[in-house]
Structures are given as structure tokens and as C-alpha cells.
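Note that the chains are named A, B, C and D in the order they appear, and that numbering of residues resets to 1 at the start of each chain.
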């Protein structure tokens, strides 16, 4: 395939940019352009069950409302994410308080690089979690807990997931403030967080899928969990990943999707693309461009 | 502090190398040298409870026996790791089968970059897990499950942990082959993996610590889990992390330990050092050098 | 500043996307949004002399035509780049032959990751360079050599630079195929490449600037050369850099622009932004969006 | 090849560590172990001409004395480096002044991440350069200029190179303080820095080599220049590179040595190894371990 050169046009929208990247075809441009084409296939077919896996500070970095939109548009069928994203989504919904104060610690704030959350927000969150947990008892799956949280929030991707019945799995959630409150609550209540139950649920979803696709933002447990589930049906048919991790250290987070074929986590004939970059920039670009391509307004 | 220049000596051992790096003091050398000094403090005091957190392919990459040694020497009081490391430790103990076949997929093998595991090894592992799980019932914590695995293995860090009563926590274990077998087993048995129980256990360990230190290899859920626990007592007193992740994307994995102070995950006066590098090279160097310094033979 | 959440709109163009990133304000989004605002300032004022520094495979990766456009629009006043970009620009103009054959060596092609150039293209290039050099004698600066090349090419950024009288400096050019042919030619001709003369020229340009800005793609010698020249007037007033290099290793390539203030390469009150990412994706996005903002069609 | 596990020994020296890494064989350990074996071959044969290429802050980071040692031991036959390393070597020799003041700008100091040089040191350097340049006239190659500098310094790798007649090439030197002083001096003196002459000299060295090896620290112009020269004889026979750059962006700095085969910069049957890491840590480890292996005291 001939490599073309990028041509600026004053009327270029995001889809036009992605098409131009695909036309260029080389190196980073080619990877982005091919990823857009694969995402278009995932999103334009009713046969593809789409998993969105998210590690890293997606919500702190401003992507919560985009995830909400994807859920409401029916573009993702399940979300697998870290506890931190769940917490930040709830924090946003409970008062919208993230501020950008630069790369330094500031008294009274917890810091995520250049972005800060007032510690008092966590008191609200604690109060909120107590209410949520007080209405639950016995064995509760993670997706049920997160739906229960979503129902009580006025915005955010948890709320959208609750409204739309889209499962949110968070297999590593115990490392977060949700985990902390679950632990405290379960000390003197009949409450048991049943993370294994989510595996049943995801397995059913994967078995029933005609085709399976994944959008992988960052690596870590969410990526592992999705790829493990994909093994149950011989692997993913489509996958797009955006990562800053490199393959040579051997972590699954940085592993090329091609490597997944050796584990039957990715089908031999799957269409896959890896974009090397910060997904806080690349994903809104990619998702928005493909949504434009599909005529979503 | 004046920066010195590195001076070769024919009789330099690993401790000597780390001392020379500390003497140089600048950039990568300085970070390594300071990390060695902090690790020496953690390891030479009986008052410091030391958590080892491990994400990424530590065992596939050859560090299982070193972890075993650290446990047997009493140099780590708890290990927090991914399911994958647990699986690979058991695979090693069940037959010692990892081979290096280059950066390509090879029929009949699962691949971790340039290192391969025959798929038949996973059949042995399945058989092993069935035996382990058949002897357990009711609510079982992750550390109990892993001790039970360790008891049945002839080598590896799981065995050492079982022998020494050192807890292994693996809060994200459900993303792994252990998770898969737990899920299958719990479908028709009274078996419930109780990951929250490990939080009680770790909390006790942290509360009882006079001082708390962490050795952080890679980031991800193990790092988050340890730092979350450290919050319960106002933060870590000592920490050394080795990571390839960068801070600007905002992930906790790449976050400087300084940032942890804003969350009270790290004490204001803590001694901390971050080394940028592949821990499969840096950690055996660092750990061995400090063990030499302490006279361990 | 409050962090906002990214909001998709079906009619979003590239400028709209950059504005939305600025509105989000946090982490990668914030850095991109601020960079756009700084670039807008550089480009909308007649008082700012703008240096474009380019290391890495910009032209192989498809950016040659964009650079051409920037030169023709008067948006850059000088370009400082590697020999490789000069060579690939000429290769494109001499026949347009870059193909994408995947991440593997293919007989008869030189490879740049997933992009390939037939070795026969270099024969054309050799012939071309002989003609160029045969018309030159005595002391010739790099910018004069490159203008002479540009005049004989029908397209590309060298041609645009020759047409517009924009200097291209390539202080490390001897590491490239141009360097090779210069070396061969100067063995038996009175031809002397005078790279120091370009320093005079750039110094004049910098001294005459009311304000000085830099667009820094990758690091390496082009970045160093520009920042060294900026010292002559007390530093850059504006700078935007896009890099994958990290600061901790201490290379200038990965150094934050803030560090440049300690060398008076960047003014204390300069407006600067660093975007962490692959400039083959980020720069066409950023440049196109800001060109849209300025009404360039 | 079977992957082994790392085994600590209290009496392990640096060579023992590298051998243990080679025995492990997987991932980072394997790459380091293989690199040691290749370096051993380069250094133990009289037939191999060894080029050392150095980009990035090697001397600021403390490696100047190690380079000096390698030159004096006859382990490198030519050095290709950046202007910055030349400058810092001279600064060290003129007064030994680099201090580590942390990751912040400090008045009166130029900063390299966490390492600082007082600006007054550059006044000494200016005086030194004036003396050096006043004794030179006409066309002077870079290696001659650097030898002339070396002769007047009491220590450092420039001095060792001058003593031993080992050429130092610095094809991008004009981006540095040496470049600045050359430029100022040549404004009113008959002095012409002839960088092309170094290409003749390096070409002769390469043509006369029975076998050619390269130690590549960082990428950039030094790596490019060495690999370009290697093309003249069909490529390198041995190469070890240590880099933090990644291959996907397509820069030569991050390119695997395998890619060099497509350009005949590396022979098809060459022995090569890439280590991903900070060479300020990895290179002193690697070089010292192999020197121990060769019995150098």
C-alpha cells in the first residue's frame, strides 16, 4: 500500500481527519486510521458485542461523559474498569469537583498529576456509599453494586449503565475507595461482594455474542479480564487498543494484540490495531470521529 | 551534593556497584543508589513491615526464586501480586516449563513477548487447581487459597509463603487462570472466594506495623491495593518503586511517590525513590546488592 | 481551574476538538488545549518569528505536505530538521515512493518500522544529488544546498522553502544520505559545506525577531540547535513541543520546557506546553485545528 | 532455550550477575545477558573495531570517567557523541562542578533534570575555548579540535582520546556551547570547522576494520552517523544498544537493530542485542561486568 502525505483541508471534521490518517497509512497515522476503520465495523454491526476496558485516570481526565454517551447510544455492551474510575464518576456526579492546580501537591486536595480533588469530596462519597450499601445485603455482584450506585447519581457513566442495563465490571475494585467502604460495611453487615458472579455474567455475554470486539484503553486488570473472557469463545474478532506501555517488558498491558493470538484471546483472523499514545487525547478523537462517520449527532 | 563520576573496579560486587551509583548521585545512578539505601533501611530494621507489590511478568521473567528467597529470609512480610504471577509460579513448580523462542507466536505455546509456555502445561495446572479447590469449601480468602496452592507445590514463592505464613494477596486474581478455575469450581460447589477478607488481614498487618515500607514493582492493582492500605495508618514510611510508566498520563502506575503524599498514602517525611527501568533487570540487581550489603550469603 | 468533561458533538471540527480539550483542561487534554492556544498566538501575530524543529521520521510518516503548506502560508520562518527528513522529502518529490509493507524487512526495500522505500529510489536520489552538487562550488551553507535541492524538485517542503526563501537548517545533516553524497563529492571537488554559516544566519533571524516561538517535534539536534540560538536573545517567548521522550533520563529531547528557563533558552514568562505523544498523530491534529481557527482554507 | 530463574549468591560480582541474567534468558534478563556476551566478543577480539556512540547526558550523569577508562584500555576505537557530552567532559576537567539539587530550577545554575551546573563554569569554559581556538587555524576537523581540547585538560575522556589518538567525532556539535564558540571565533578568524573531513577519517577506519562493532547509548545523530558509516562495508558485525526510545514512532533512535539489516547498516548474520532501559544505570553495569569477565582490574 502506497504511503500518502497528509493534506490539510479547512473543512475537515474529526471523521475527515481519521480518513486522512488512514489514507496516509504509515506509522502512527496508519495505526490510527486502521483503528478507526475497525471501530467503525464494531459499531456499525448489530452482531458485534463490544467490551470497553478502561484502566488509568479516564474519568479524572474528563472522559466520563463520553463513556456515558457511548452507553446511551448502545455502542458498548459492557464496561470493565478500575475502581478509581468508578469513584471519580461518582465524585463528578455528586458535585462536579475536579480542579487543575498544576503538578504539585496542594493542601486539602488529592492529586492526579495536574488535577486535584478536594478531600472533602470524599466525605460526600463516604456518605453516599453508606446509603448505597445500607440498601444492599447478602451476596451482591459488582455490577449490581455499581448499578445501585448509578441509580442514585444524576449523571455519569454509572447512571447511564444503570439506566440502560449495561453491566460495569470492576474485578480489581477492592483497591479503591469503593473497596474501602465495602470492607468497612461488610465488617458488621451481611454484605458480601461477589466478584465471581460477574464472571458468570460476562461469560454468558461472551458466549451469546455473534462476534466480539474490545476497545482497550490502558491495560491492567480490565484488559486481562476481557481477554480472559474472550478465550471462552476462541478470542476477540475485533480489537482496538490505545496504550503508552511498551511490549518489551512483557506485561500484558503493553502486549501487542498479535501476542493474544497465541493464547486464543484474539482470533487468528481478527482485525486489530494498537495506537501508541495517551488515550485521554486519542480516544475522544477516535470515538468522536467514528461517531461522526456513523451520523450520530 | 556534588555529582561524582562512576569509577570501575575489578573487584566490584553488586553492593559495591550500588554504592558507586549512590556516590555518583545524579540522574539514574542517583535514583538507584538512593533506592538501595532506602531498601537497606527497610531490611535492616525489625520495625519495618515490608510489602512487596508485583505487577507484570515477574515470574515469567525469572524472578520467582528471588521472591522465594526474600520470603524465606524474612525480608518481605506480605506480597501483593497479580494472578498471572501466581499462575506462572505454580507452572514453574509443576514442571519448570518456560522456554524462550523469540518474539513470535509458536504453535502449541502461549507467549509472553519472547518467552513461551506450552499450552499442555495449563492442563497440568487445571488438574492441580481442581485438587486444591476440592479440598476447600465455604468462604476462603485469597491468601488461604494461595497458601493451599503453595503447600502442594515443591518450590516457588507460593510454597515459601505457605511455609513461612507470609500472606500473598491478589486482589485482581479473577483476571487470571486461577480466577477461571475458581469461577468454574464455584458454579457447582460451595466455594466462595472472599477477597474482602484479605483487606481485614492486610489492615491488621498495617495497623500493627511500627513502620511501613513498600517495594513496588510495576504499578496496577497491587500498587493501588498497598497504597490504599497504607492510608489507614497515614501512609508509607519507606518506598522504592521501579516502573516504566510515566507520570504525565496520570495513571497511579506511573505516579511519583511524592504524589502519594497528597492522598496520605505516603507520609510527608517518608523516604522514597523511583527508578525508571525494567524491573526484570533492576530489581535482581537492587535486591541482590542490598542483600550482599546485609551479609546474606 | 475546574476540570470539565469532554462532550461529543456531531458537527465538531478539529478546532472544535482542540477547544473542547482546552475546556476539559486536565492531563493530556489540558496540555493539548493549551498547546493549541499557544500555537494560535504564535501564528496570529506578525511579531512572532516561528522556528519549526523536526527530528524523527516526519516525512516518511507523511507530514511533508503539511510542512510545505506551513511554509507557503508563512506560518514558519525557519525549519531545523534532520538529514533524513530532507532525504525523504526529495525521495517523495522524485517519485513518490514510500510503501507500507508491515513491520518486517522486505528484500529490495529500506525500512522505517512499517514503511518501506525501494533501494532503487536511492539511485535516483544519488543522480539528483550529483546534479545539485555539480552546480555548486566553494563554501556553501546548508540552507543554500537545501534551497538548491528544492529548486529542482517539483513538490515537497524543500521546494516550498526555496520558493519562499525560508531557510532550512540541518546541523546534523552529515549523518544522512545527503552527508554521504556531500562527502563523496567534496573528495574531488572544490565544495565545502559550511554549517557554521547557518549559525550566523539563524543568529540574525533570532536577533531581529520581536518575539520568538518554536514548534518542537521530537528532540535531538534540531531542538538543541533552536534552543541554543534562542539563548542569544534570552530565550523563547512561546514553545510547543510534542515528544515521546521522558524527562527522567536527563536528555534534552525529553526535557520539560521549564528546564530550559534555567539555561535562558526559554524566558521566565514564556508560554509553553509539552504534549506527550506521537507527533505523527498529534501534530497534524494540532496544526490543522489551529489553521481552522485562523480561517485558513 | 529453557528459561531459568534468577538465583541470588552472596559472592556475586557484576560479571556473575550478567551471567545469571544470561542463564535466565527471558525478557529483560535475556537481553542483558546476550548483550554482555556480544560485548565480550567485541572486546576480546583484536579484529573488531569498536565504535562507541553516545547521545544524551552521559557525562552529566557520571559516565565520563568510564569512557576515559574504555579509551585507555583500548576497548573503543572511536567515539561518536553529542556536543553536550564534550562540553560536560571539559567542564568536569576544568573544575569538577556538577551538583545535584533536585528537580527544580535554581538561580545561578543550568539544570539537567536533577543535576545542576553553575553558570560561572561556562565562563571558564569560554576562556578555555578561546585559548584552544586561538591555537588553531584554517580547516580543522572535529576530531582535531577535540584532541586539541583534550590535550589541555587534565582528565576526562577528551584527554584520554588525545593521549591515545582515539578519534572523537561529533557531527552535530554545532548545537552545543562548542558550536557557539566556534561560530563566534570563526566570525573574525581564519578558522573553519570541517566536519566532512571526519567522514573521510571514519570511512578509512571502517574500511580497514576486519570486523565492526558498535556500542550504542541513546540514538540520535551519533547512532545515525555510525550506522551510516557501517553501510560502507555492508554493515555492523556486532552491536549492542541501550535505549528508552520505542520503535513504533519510527525514529532511528528507537529502531531495533534488525531494522538496520534492511539498510545494510547491520549484516544479515550480525550479533545484536537491544536493552530497554536508562543507560546511565545499564551501561556501567554492563561494561563493568564484561571488564571483570576479561580480567581487567
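The criterion applied here is as follows: contacts are C-beta pairs under 8 Å (C-beta built on N, C-alpha and C of every residue); 3 or more make two chains touch, one makes a residue touch a chain.
If you're wondering where the values come from, they're calculated on a predicted model, not measured in any experiment.
Asks: Between copies chain C and chain D, are the contact residues mostly the same numbers or mostly different, with half as the line?
Replies: Same residues, largely: of all residue numbers at this interface, over half are found in both copies.
Asks: Suppose chain centres are the mean of their C-alpha atoms. Which chain sits farthest from chain A?
Replies: Comparing chain centres, D lies farthest from chain A.
Asks: Per the definition at the top, count C-beta pairs in contact and tell me whether B-C or B-D has more.
Replies: If we tally the C-beta pairs in contact for B-C and B-D, the bigger total goes to B-D.
Asks: Based only on mean CA positions, could you tell me how far chain B sits from chain C in angstrom?
Replies: Inter-chain centre distance comes to 43 Å.
Asks: Let me have the rounded angstrom distance from the C-alpha centre of chain C over to the C-alpha centre of chain D, please.
Replies: Using C-alpha averages as centres, the distance is 26 Å.
Asks: What whole-number Å value describes the gap between the mean CA coordinates of chain B and chain D?
Replies: Roughly 35 Å, centre to centre.
Asks: For chain C, what residues touch not just one other chain but two or more?
Replies: If we look for residues of chain C contacting two or more partner chains, we find 26-28, 57, 60-61, 112-115, 244, 246, 248-250, 276, 278, 280.
Asks: Would you pull the chain B residues touching chain D in the complex into a rising list?
Replies: Of all residues in chain B, those touching chain D are 1-14, 17, 20-21, 24-30, 32, 57, 60-66, 69, 92, 96-101, 112-115, 244, 275-278, 280-282, 284-285, 287-288, 291-292, 295-297.
Asks: Where on chain C is chain B touching in the complex?
Replies: Of all residues in chain C, those touching chain B are 26-28, 31, 246, 248-250, 276.
Asks: Show which residues of chain D lie in contact with chain C when the two form their complex.
Replies: 55-57, 60-61, 82-84, 105-106, 109-116, 171-172, 174-177, 179-180, 182-183, 186-187, 192-196, 198-200, 203, 218, 220-221, 224-225, 228, 244-253, 255, 258-259, 261-263, 278, 280
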